[in-house]
Amino acid sequence: MLSMVVFLPLAVAAVLVLLPRLSDSAVRWIWIAACAADLILVVVLWLGYAPSESGFSHEVNRRWIPSVSSGYHIGVDGMSLPLVALTSGLFLACAIYSARETRRVRAFAALFLFLETVCLGLFVSLDLILFFVFFDLSIVGMYFVIAGWGHRDAARAALKFFLYTFLGSLALLLGFIGLYLAATPHTFDIVELSRQNPLAGKGLAGALILLALGVGLAIKTPTVPFHTWLPPAHTEAPAAGSAILAGVLLKMGTYGFVRIVMPTLPDTWRRYALVFVVVGVISVIYGALVALAQRDFKRMIAYTSVNHMGYVILAVGAAGLVASSAEQARHLAITGAVTQMVSHGLITGALFLLAGALYDRGGTYEMDSYSGLAAQAPRFAGLTAIAAFASLGLPGFSGFIAEFQIFTGSLGGAPVSTAVAFLGILITAALFLRALQQMFLGEHRSPNGAFRDVTAPEAASIVPLLVLAVLIGLFPRFLLDVIEPAARAVSAVVGR
Amino acid sequence: MTTAVFWLCAVGSVASGIAVFRVDSMARATFALLLSFLFAAVPVLLLDLTYLGVLVVLMMIMEMVVMAIFMIMYMMNPAGLMPMTMVHNQKGSLVIAVGTFLVLATGVLLIPWPQQERARPDDPTMQLGEALMGSKMLVMIVLGLALFATIVSTVVLATHRGRYDRYGDQLERDRPDDPIAGGL
Amino acid sequence: MELWSLVAAPLLVGTLLLVAGRRANRIAPFLGIGCGVVVAALAVASAIGRPSVNAPMLTGIPVSLAVDELSAVMVVTVAGVLLAVLIYSAGEFGADEPRARFFGLMLVFAGAMLVTVTATNLLVLLMAWEVMGATSYALIGFWWRDEHRVNSGNIAFLTTRTADLGLYLAAGAMLAGGAGGLALADLAQLLPGWRDAATAGIVVAALGKSAQLPFSFWLSRAMDGPSPVSALLHSATMVAAGAYLLLRIQPTGWAGVVVAWVGALTALLLGAVALVQRDLKQVLAASTCSQVGFMVLAAGTGGTTAGTGQLVAHAATKSLLFLCAGAWLAALGTKDLARLRGAARGDRVVGMSFAVGALALAGMPPLSIWITKDAVLSAALHESVPLYLTGLAAALVSAGYAGRVLMLTWSGAAPDGKTLSWQHKAPLPFLAAGAALLGFEWLSGAVWWELVLSGSVAVAGIAVTTAVVRRQDALAGRGRVLNRWLGLEFVAQRWVARPVFGLARLLARFDDRMIAGRVDRGAAAAVGLSGVLARFDDRVVDGGVRATAAIGSTVARMSEVRVEFSLERLVRAVTDGVRRLGRLARRPQTGQLHHYYAQAVVILVVLTALLIVTGLR
Amino acid sequence: MMDENPLALLPEILLIVAAVFGLLLGSYLPRQRQWLVRFVAAAACAGTIIATVVVWFRPDLTVFGDSYVVDVSTNATRIAVAAAVLLVLCLAPGEVAGAARESEWYVLVLLAAVGTIAMAGANDLMLLAAAFLLASIPLYALAGFGKDALGTEAALKYYLLGALLGVTMLGGVTVLFGVGGATTYADLGEGIGKAPGAAVAVGVIALMAGLLFKAGAVPAHFWVPDVAEGARPVVAAFVTTVPKIGAVVAIYRLVAGPLSSGSVDTMLLIAVVAAVTMTLGNLAAFFQDNVRRLLAYSTISQVGYLLVGVAAATGSELARPSVLLYLLGYAITNVGAFAVVCALPDAVTLDDYRGLRRGHRWLALSLVVCLLGLVGTPPTVVFAGKLTVFTAGLDAGLGWLVVLAAVNTVASLYYYLRWIAPAMRDAEMDGAAVVRPRAAITACVAAAASLGLGLLTGPLLALVR
Amino acid sequence: MTLQAFLLLASALFSVGLYGALSQQSIVMIMMGLELMVNAVIVSAAAFWFYTSADRPDGQVVVLLAITAMAVEMAMGFAVTTAIFRARDVDMTDMAADLEG
């Protein structure tokens, strides 16, 4: 079942590539249908979610490379299931949104379906090698998306993206190998590794492995100072690519922290948690400040991603400061971190799609080129405003649920850092208000004269994302009920 | 006596070896080389390796003759006698060569070489023959193959007219069609 | 159930109206007023029934709402004022205006306020609190084509959100301090250090929301919204929320002292500000700060009942006054006091209502604020005499500005203007009645001499100012500092802007050395921009916020330019290095065989040496 | 003394017989029907694979007086070489069909293959040296097969470098024999243990000179780019792939066997060579515009990674399986990349590949798969190889080397992407009009095999364990 | 006569040969240098056999191997020289340097 969820898009992608004659519209419909089918499967999966004693549901464990104890081990738990759902949802949204894509539709669709498989596969992997395989393939897939369908400077940006993140992935690989060698018997199995806790008491080795994993994941996340690939990649990528990049791919980094680093290196994590707290806070403040200075709408959103991912790092770091934080606080922090991943995926995904719509009409992301768009495109303005407010953490949207948990859970462990991080939501508020004011309010002005309001496909792709964000913001239980047991498990491992 | 012979031949061998690169024509160089080999074969003979020593001598004579012919036939320097200096990077080469020699000589003199006197076979040639037919047979087989490969390779590289040039693409001619009789 | 409906009804209907947008313009007033009526009914029902509800939300932190004594008063007040304002608004906006948006926002705003006053834990409180802030932004910037109004909304939102950070801090501190459910009632039981942090956070948030010193200036800008918005914002909601929260948590110890003094000083100083404003709405805004100051004073001195009374009385009074001001604005097209001379003589309903409101505001016996304010002062006297005297002085000033507007609006001939619709006027008498009568509930337990004293102070204040302004409005524009809302710009410039300018210049110098060319010019431009901002914008009332924003973006630009650049430079240096190495790596491949030979042999010799050396070791 | 079962060498014998028979057959075939020889050669390769698979699980044995070992390494080499040769034979027609010496071309390929396998299986220094000759000499002829200016120059350089280093290797054999008292590895190991270190060091270096020449590693890598550019592409594919397999296995056998007991630090030697090789290869590839030179440098860097696994020979149990897996993956993927080059004979520079995707979708896809495979992107088999090699390296305590290898891998991405990016660009392809279909199919097959074997990593690793 | 003496001779021959291989331009002259180096191998192998392991045939086989290798290499050398001479009329390595970088 789970394998089907993961590989259905790939199968469809193969069909798309192999079928010789398909009109563009047929390709689009097949694409949307495949994504929808996958989403339905995920929903069924969610409804049937019943974690076994190991904490995982739909677990599959096949031998793959037994010589190095690596297997096709997949399963979902409370941490991966929401991300799986987010992934399939966001990909469906992108499929719908891309109905207007006219350049090489077939390849575009196949690439996105391939990426979907890769992303889903990563989130369900319970084996380091499997994780790495998907991690790397995601980079490859995204490279082609940016290079093939990006804006003017796309080739450079794509190259930068690839080199940076590939470097990160190799650091990750080294860390994985270190974990493998530390375990007795050697294994790449995440569940087994977290059971063994192989590096307990091995100070330097643990620190080195943590360094490798930390750098690898931090580049992907990205945190300051490894974030420099992000703005060009986002600026040059096509809208759907940006949405996936920010919405799903960035989560791979943070997900790696909660799925791999914390359970397998609890002692080391505790010892160096403060480092992550500080990095998180710096990312929060730095990302927000730099975003504030942007004049380019898409770049601005890209930098807010740095800010938002900073919260996640802050939370997981603070959860490691076990001595000074209560059990409940740790739960909250980790739950908040996972919630933030989902929330950021939805909201930033929507924002990037909106940015795409903006570019589509005005041909530029420069905010100064627009003014008073609310007059001509009230729905577009309304959607952007909702997304912006959701992104700045207004209660009633998912971002608040996530950030509140993060702040509340982290303050006990890292009071000063968390208090500094509060400033992040203030700066974010300022920058979004400024952006809204610049582009939508005041006298009307836009580069190409008339400014069309949102089209049906755009609305169909963006609105559901925001609706979900509101749903989570108001009735988070359906999500938190899934996340919390898993967060508790991680918290228990880190706290032991 | 043997010591004297050895040192004489050794010095002669090295000297004529050096001469190879000092004389000013290829033909002379060839003969200097031959001389060096002949000198070097004597010490081998001194080591009871009659068969191999003779083999070296015979091989070298053949080879040098071939080389001389080769040069005279193919090279721009028909007689192989015209003065010539065709060297490059002489200083560097000299440094490297001298350096190598110093390293090797130091090693030769300083290293405590294993000096176990083992029982010498009565007939070294017999020993060699048995080895070739026994434990080292595979070496010889592979060497044989290498020779086979050499034949094929040299033919491929050196001849510019193959069977299809001589007998036609379908090998239909009874007699080869050669510009010069003999197939070259 | 009624509690759920109470908070859900305005939120749902409001959201519905917002989503529907233009299509709902026609039915919006009916839906809005209908909803207002339902809410009022439910509010009364809840006030009587005192329900409490619970639903799970986060780990160990539920959504819990309850109506207790304090909340009961609040919900009824909020519902009442909301209804009045909604009825008034029906007259204010024509069918061609975005009424759906207006009514939707108003309902959502009121719903958030209702949640705020019924919340029993910090999570719910914070959610509602922030939603209130955001909707206030949308309401203040309602006429979004005007950049100035949007700016005002921004400032209001950002200022209050800055203060809101205190609530985030409080939430974290409560959790860390042992109150897992974040229940407000548990505040006192926290571990000592965390208790102080949580209290401090809540106090800051409350002071920000209720526009106390030093956050007062946002309220001035909030006057850019439509009049009904001001009426709602400045009476029973928003600013009242801060006071309510302080009354709810009853700060003690150092917090009590701080809160009490902030309240008293705000009451006094912002009263003085109100005294010299030229604009009616600005007078009312400053007076709001001042009056809320009394509530805060009450909260700081343990006078919860008194503070509540003041809140309710002020809510009725101030909504009435704003609606009157709005009515005049609609009728006469101005809110400038100089041009409003005699306005009260025009439409008698409005004029009389305004007079009642102004007198109540002045603390004129036997009107409501006379009684409630006296209760507050009495509580202050329990704490300390200086506090009491400060409060008394503030009361005198209140009487002064109220007398001034009263005198100005009633003297002179009535100007000509449009006639007002019945919706404009309908709520006014009811509110006037409330302003006059609501105080008696709090009469019991008052000390007679205090009542007499404050009553005479009010009379004296009115008498003095009416005398001063009868002929000519001598107070208008007096005192640069007061006129500019206490010259907060000076404070901002001295303590915020100037140090950061130093930092900016430092960074700029640093940049000069680090970066050349284009980036340099960019940095210089940024510095220049901040300079311009500092010189001119800081003069205006919201200088502090503007300067902070400018500094923020300057610092942001700097940090981006510098750090991004140096990171980029690092990366570029690495690439350049690799590039050079790449060229170098091809150098050995000369094509000359003897070079290959020599290199191979040399490397082999080196390797031999390496092996021998490592072997010897 | 001959207690041997010649059938143990059946795979090699098949190739030899095919070579001899092919030469004879070729002499009687019309020019256009020489494909029969190719068929014979292919059949021999297939036979070799089958004969190897059949005996795979037989216990290790040594033949001809301990001079040759048939174990997992040898068997894996047989299969990798035979598979690579098969792929090369598929590529060949476009280049050599109808040539006057077509039959001889196949014969030489087969002989070189035998030599390569013999190097891998050699358990005796002399056999190693003899196999070196057998593996080298046909390649000189192949390099100069076209007899054009560049081809003969390539052959000349290849030959002269090979001759010098071959002689050096002979010197090394002699020195090691002198201090070790024997040439079979087993006896040599004993002798070396007591021998003076400096002499062993000289001998080892001299011996390694020849082996590194075959592997194309620093300091004997100079021939690789020149031959890859000068020779025909199909020859380049062969010489940059097949000999390396035998050389790396031979080095591994030496390092893990006799040299491990000596007083010299061979692990360090190999590690240093690996580090320099991969770095130099990558750096030099950075700004290559000629695709063949670029691939040549890439093969140099690949040898560097392979040597990481070899360096771990004594430190990790995973070393041998990892090296063998990597070799197999490398062979297939590298031939695949060259196959793309062969398929587009007119495309010489990176720029000529601009817009390849539009005209030749599958070829472009194969190119991407093969190049990313060479980077070590999952799920190709080279990824599995790299992963296990890195693991072995870390396990053996060569952390610095593994980190360097990882950094190098990232750097290598740059030049592979320099090739991929124009190929995937949406432009009209003007560089190369001619496409050789058979080579294109071979490229696709190799790419598919690279992916497929990647998924079969588990069973493969279990087999070579 | 000792082993050292023979090895010294071999070293000298090897170095001379190396010098030749490095310094000569003409392909044939380089080959001569290589032959001198092989010569050194022959001498040293014979000496090693005689002085250290005369009871085993390995040394002799090494000598034989060296002789064969020399022959094979020389044959190839001539072939390659012929080929390049035909193709571009050069017999010097310096003139064959088109492949570089």
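Residue numbering begins at 1 within each chain, and the chains themselves are lettered A, B, C, D and E in the order written.
Methods note: a residue touches a chain if its C-beta (ideal position, glycine included) is under 8 Å from a C-beta of that chain, and two chains touch if they have at least 3 such contacts.
A quick note: this is a predicted structure, and the numbers were derived from the prediction, not measured.
Visitor: Along the shortest chain of touching chains, how many steps lie between subunit A and subunit B?
Guide: Minimum step count, subunit A to subunit B: 2.
Visitor: Quick check on the contact network: minimum steps from subunit A to subunit E?
Guide: 2
Visitor: Taking CA centroids for every chain, report which one is farthest away from subunit D.
Guide: C
Visitor: Farthest from subunit B in C-alpha centre terms, which chain would that be?
Guide: Computed centres place C farthest from subunit B.
Visitor: Measuring from CA centroids, which chain ends up nearest the centre of the complete protein set?
Guide: Central chain is A.
Visitor: Whole-Å distance, subunit A centre to subunit D centre, using C-alpha means?
Guide: 42
Visitor: How many angstrom lie between the centres of subunit C and subunit D, each centre taken as the mean Cα position?
Guide: 74
Visitor: I'd like to verify one number: the distance from the centre of subunit D to the centre of subunit E, where each centre is the average of its C-alpha atoms, in whole angstrom.
Guide: Inter-chain centre distance comes to 26 Å.
Visitor: Taking the mean of the CA coordinates per chain, how far is subunit B from subunit E in Å?
Guide: 7
Visitor: Enumerate the residues of subunit D that touch no fewer than two other chains.
Guide: Expected reply: 126, 130, 133, 137, 140-141, 144, 147, 155-157, 160, 164, 168, 178, 181, 198, 202, 225-226, 288.
Visitor: When you check subunit E against every other chain, which residues touch at least two of them?
Guide: As it turns out, subunit E has residues touching two or more other chains at 14, 17-18, 21-23, 25, 47, 52-53, 56, 58, 61, 65, 72, 76, 79-81, 83, 86, 93-94, 96-101.
Visitor: Can you work out from the touch definition every pair of chains that touches here?
Guide: A-C, A-D, B-C, B-D, B-E, C-D, C-E, D-E
Visitor: Quick one: which bits of subunit E touch subunit D in the complex? Just the residue numbers, please.
Guide: 14, 17, 21, 27, 30-31, 34, 37-38, 40-41, 44-45, 47-48, 52-53, 56, 58-59, 61-62, 65-66, 69, 72-73, 76-77, 79-81, 83-84, 86-88, 93, 96-101
Visitor: List the residues on subunit E that touch subunit C in their complex, please.
Guide: Going through subunit E, the ones touching subunit C are 18, 21-23, 25, 93-94, 96-101.
Visitor: With touch defined as at the start, can you tell me which subunit A residues reach subunit D in the complex?
Guide: It is residues 63-68, 70, 103-104, 129, 132-134, 136-137, 140, 143-144, 147-148, 155, 158-159, 162-163, 166-167, 170-171, 173-174, 177-178, 180-181, 208 of subunit A that touch subunit D.
Visitor: Can you check the complex and tell me which residues of subunit E touch subunit B?
Guide: Per the stated touch rule, the residues are 1, 3-9, 11-20, 22-26, 28-29, 32-33, 35-36, 39, 42-43, 46-47, 49-58, 60-61, 63-65, 67-68, 70-72, 74-76, 78-83, 85-86, 91-92, 94.
Visitor: Quick one: in the complex, what on subunit B touches subunit D?
Guide: 103-104, 107, 110-114, 130, 133-139, 142-143, 145-146, 148-150, 152-157, 160, 162-165, 169-171
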